[in-house]
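Chains: A, B, C and D, in written order; residue numbering restarts at 1 for each.
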Amino acid sequence: MEKVFQSAEKAIRELIFDGMKIAAGGFGLCGIPEELIDALKVSGVKNLTIASNNAGVDDFGVGLLLQTKQVKKMVSSYVGENSEFMRQYLSGELELEFTPQGTLAERMRAGGAGIPGFYTKTGLGTVIAEGKEHKDFNGQTYILEEGFFADLSIVKAWKGDEEGNLIYRKTARNFNPVAAMCGKVCIAEVEELVPIGSLDPDNIHTPGIFVNRILVGKHEKRIENRTLSE
Amino acid sequence: MWDRNEMAARAAKEIKNGMYVNLGIGIPTLVSNFIPNNIDITLQSENGMLGMGPFPTKQNVDPDLINAGKQTITELKKTSYFSSADSFAMIRGGHIDMAILGAMEVSEKGDLANWMIPGKLIKGMGGAMDLVSGVKRVIVIMDHTNKKGESKFLKECSLPLTGKSVVNSVITNLGMFEINKEGVRILEIAEGSTVDDIKKSTEAHIINL
Amino acid sequence: MWDRNEMAARAAKEIKNGMYVNLGIGIPTLVSNFIPNNIDITLQSENGMLGMGPFPTKQNVDPDLINAGKQTITELKKTSYFSSADSFAMIRGGHIDMAILGAMEVSEKGDLANWMIPGKLIKGMGGAMDLVSGVKRVIVIMDHTNKKGESKFLKECSLPLTGKSVVNSVITNLGMFEINKEGVRILEIAEGSTVDDIKKSTEAHIINL
Amino acid sequence: MEKVFQSAEKAIRELIFDGMKIAAGGFGLCGIPEELIDALKVSGVKNLTIASNNAGVDDFGVGLLLQTKQVKKMVSSYVGENSEFMRQYLSGELELEFTPQGTLAERMRAGGAGIPGFYTKTGLGTVIAEGKEHKDFNGQTYILEEGFFADLSIVKAWKGDEEGNLIYRKTARNFNPVAAMCGKVCIAEVEELVPIGSLDPDNIHTPGIFVNRILVGKHEKRIENRTLSE
């Protein structure tokens, strides 16, 4: 099964459809699948539901798809750095399923691991818990959260091989490994495609079984908040 | 009255050797400046890092290395990186000793509000709901009153909650307070502040006032 | 009548290029001997390995490298290792294309029993319950009858189940069978066996018999 | 906080008590905490509940603690290679909470991750599901399994540093990372204690936050089933 594709455009072809659910890796602008986001923008696919911790900034990352109004609904924990995101949400143009960061990560992992629901204390007593089942374990109350299942996962890794084995670099790992797990199909874009056997088998972060398509991308890696020591 | 740095310094005193600590955005970030050299702690960043180092020099900036506030940072010898799921397994599983966070409002029962003002400002909860529900001890650092001079330390929070009965200690410009089942107790009054200052600025009921 | 190797060879024909496959202990292990060179598959071992290689030479034995049957094995270029939790995330999350397992009994509804005989023999389910509930397609290889000549392909299993309505295909010494909502259907009769042999040895109702 | 201990005996001291719950890493005889098991045997601690996928063999691994009747209850998926285990269970001397292998791994991870319960399809329609809550998600039925919480975790790693950061080797990883997560206290025995900074921060399998005590052990690494190619 040939997993290597020559471009993000080719990799998403025949996989995208209006109204689809996408899980995206990345945290802020760090470790985001830049080329796949661009390809989705160019494709014009509409009414997307995107699970992504943030939506990047106005003109970079998932924010690009908000600019073009291709997104119907976001599943995110943070809006802070994206004024267009906040504007569309406050004006009612965009649905937003606010999901605590840890709950979002766990929901993606659960979706990938065949777990349709799990209990957590996160969000108990807040708007997040409204309408959700509550259950006591050992005298403490928890709420039920559901696994997240996507039609497509888009992730960014540092290196990958033709089997789809991936490794990530530093904090660019973030949501990528769990986003990769929860999609029916997962496309990974990597900085470098390495020959099979060059990754250490003890240190593969995402085994190839989770990755259906892989491509090499160019990454701007824009820095959101360049903070220096004095 | 404590200033930002004095509040951070007071919070730093709560940190014991060997602790794993998560610092929120804003004043909490300053806390790491006040940890004495003989205290060895490990900072967790919820985007997937244990053993967070200081901000980088210009030459050391790495776009793949940021903290939860999206600031560029550095690693240490002891650093490890992991996924968001593993990071929050640490947080939600009770493995972090302390979280120090900012707040918009705190109630006398330890309720915390720090993620949105309906219709006006929405930041999102990020990892804050996970932190307050999972971490062993939660310390809030905030100004005692808002810009209009209204108390932020309330009987009940007016804003949407981040967590219910989750705050253990509150450090404000006026002093340090403990919240437990009995209620709110003054632990320390800031230099230059008085009991009267606290009385005037606090809506929450304080049991040792 | 197929022998062990012929049953394994028949199962191997079901494996397509690019598949991720988990092979159980016993006859299923033999299946890998019959996969043609032009078919590239990846074997998963549920103790935490993807890309399982052949048994080692004497010199290459490594106590840290075993399969789910606790047999010494080897790695391949494409191999990756991971924890039991990650391994079963693959299995339970539906990422494995096919599992080939042994059985004590199979019912006409696709129920499988292969982990204990009450009061007598207890092996434990190991990863079998996870595999049958999570993997896309489950193929059973077993002898059609037990040592007493009694059918192992039954209307209802008499032994404690490993899974309910989980078996998709059954390969026995007498042939290959498919189980779906309509019932059990003969797909192929083993060389040297007859419809009559199957009739005599099968308690399960076969719809095309 | 000094995490390094000079022996397994010293490391378990003041942590053990009769009736305690232990989570142990290892699969068969692969990647088992040999020295910690020996230390528990020598300590004479009784009425243990041990969660461990197997119980080793009669005279090695957790089997040693069965021989001495220090175990009240096992939480395991497989008894197959241990005749004493099977005998004690069939005679009623030993309690056994049969737990499917994936459910056991997930229960340990859940315990470590603050998840008191999760839903799974594994075991549905079998004795494993009896008495457990059933719940439907998207038209399919799942059963509720509970997180596993231990008083003590004992694990074996390949290398570790003074911060407790651990890496495992090949399939000796198995249950160790999840067992390490679910204990109130975790002790790790390693083949080699390396200086801080010598492990690659991108490839630490168990971050030190999960490890309270660490010691260097000698490991026989007995092979259960030496199978050679012809």
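Just so we're on the same page, contacts are C-beta pairs under 8 Å (C-beta built on N, C-alpha and C of every residue); 3 or more make two chains touch, one makes a residue touch a chain.
Note that the coordinates shown come from a computational prediction; the quantities given were computed from them, not determined experimentally.
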A-B or A-C, whichever has more C-beta pairs in contact: A-B
Distance between the centres, which are taken as Cα means, of subunit B and subunit A, whole angstrom: 27
Please tell me the distance, in whole Å, between the geometric centres of subunit B and subunit C computed from their C-alpha atoms. 54
Centre-of-Cα separation between subunit D and subunit A, whole angstrom: 32
Inter-centroid spacing, subunit C versus subunit A (mean Cα positions, whole Å): 35
Residue numbers in subunit B touching two or more further chains are 75, 81-82, 88, 92, 134
Touching at least two other chains at once: which residues of subunit D meet that condition? 106, 109, 113-115, 120-121, 168-170, 173, 201-202
Would you mind giving me the full set of chain pairs in touch? A-B, A-C, A-D, B-D, C-D
Which positions of subunit D touch subunit A when the two form their complex? 106, 110, 113-121, 135, 137-138, 140, 142, 146, 167-170, 173, 200-203
Subunit D contact footprint on subunit B (complex, rising order): 17-18, 20, 40, 42, 44, 50-51, 75, 77-82, 86, 88-90, 92-96, 134
Can you check the complex and tell me which residues of subunit D touch subunit C? 27-31, 53, 76-81, 86, 89-90, 98, 100-106, 108-109, 120-128, 158, 168-178, 205, 221-229
Residue positions on subunit B within touch of subunit A in the complex are 45-49, 54-58, 61-67, 69-73, 75, 81-85, 87-88, 91-92, 111, 119, 122-130, 133-134, 160-165
Can you check the complex and tell me which residues of subunit D touch subunit B? 1, 109, 111-115, 161, 163, 165, 181, 196-197, 199, 201-202, 204, 207-210
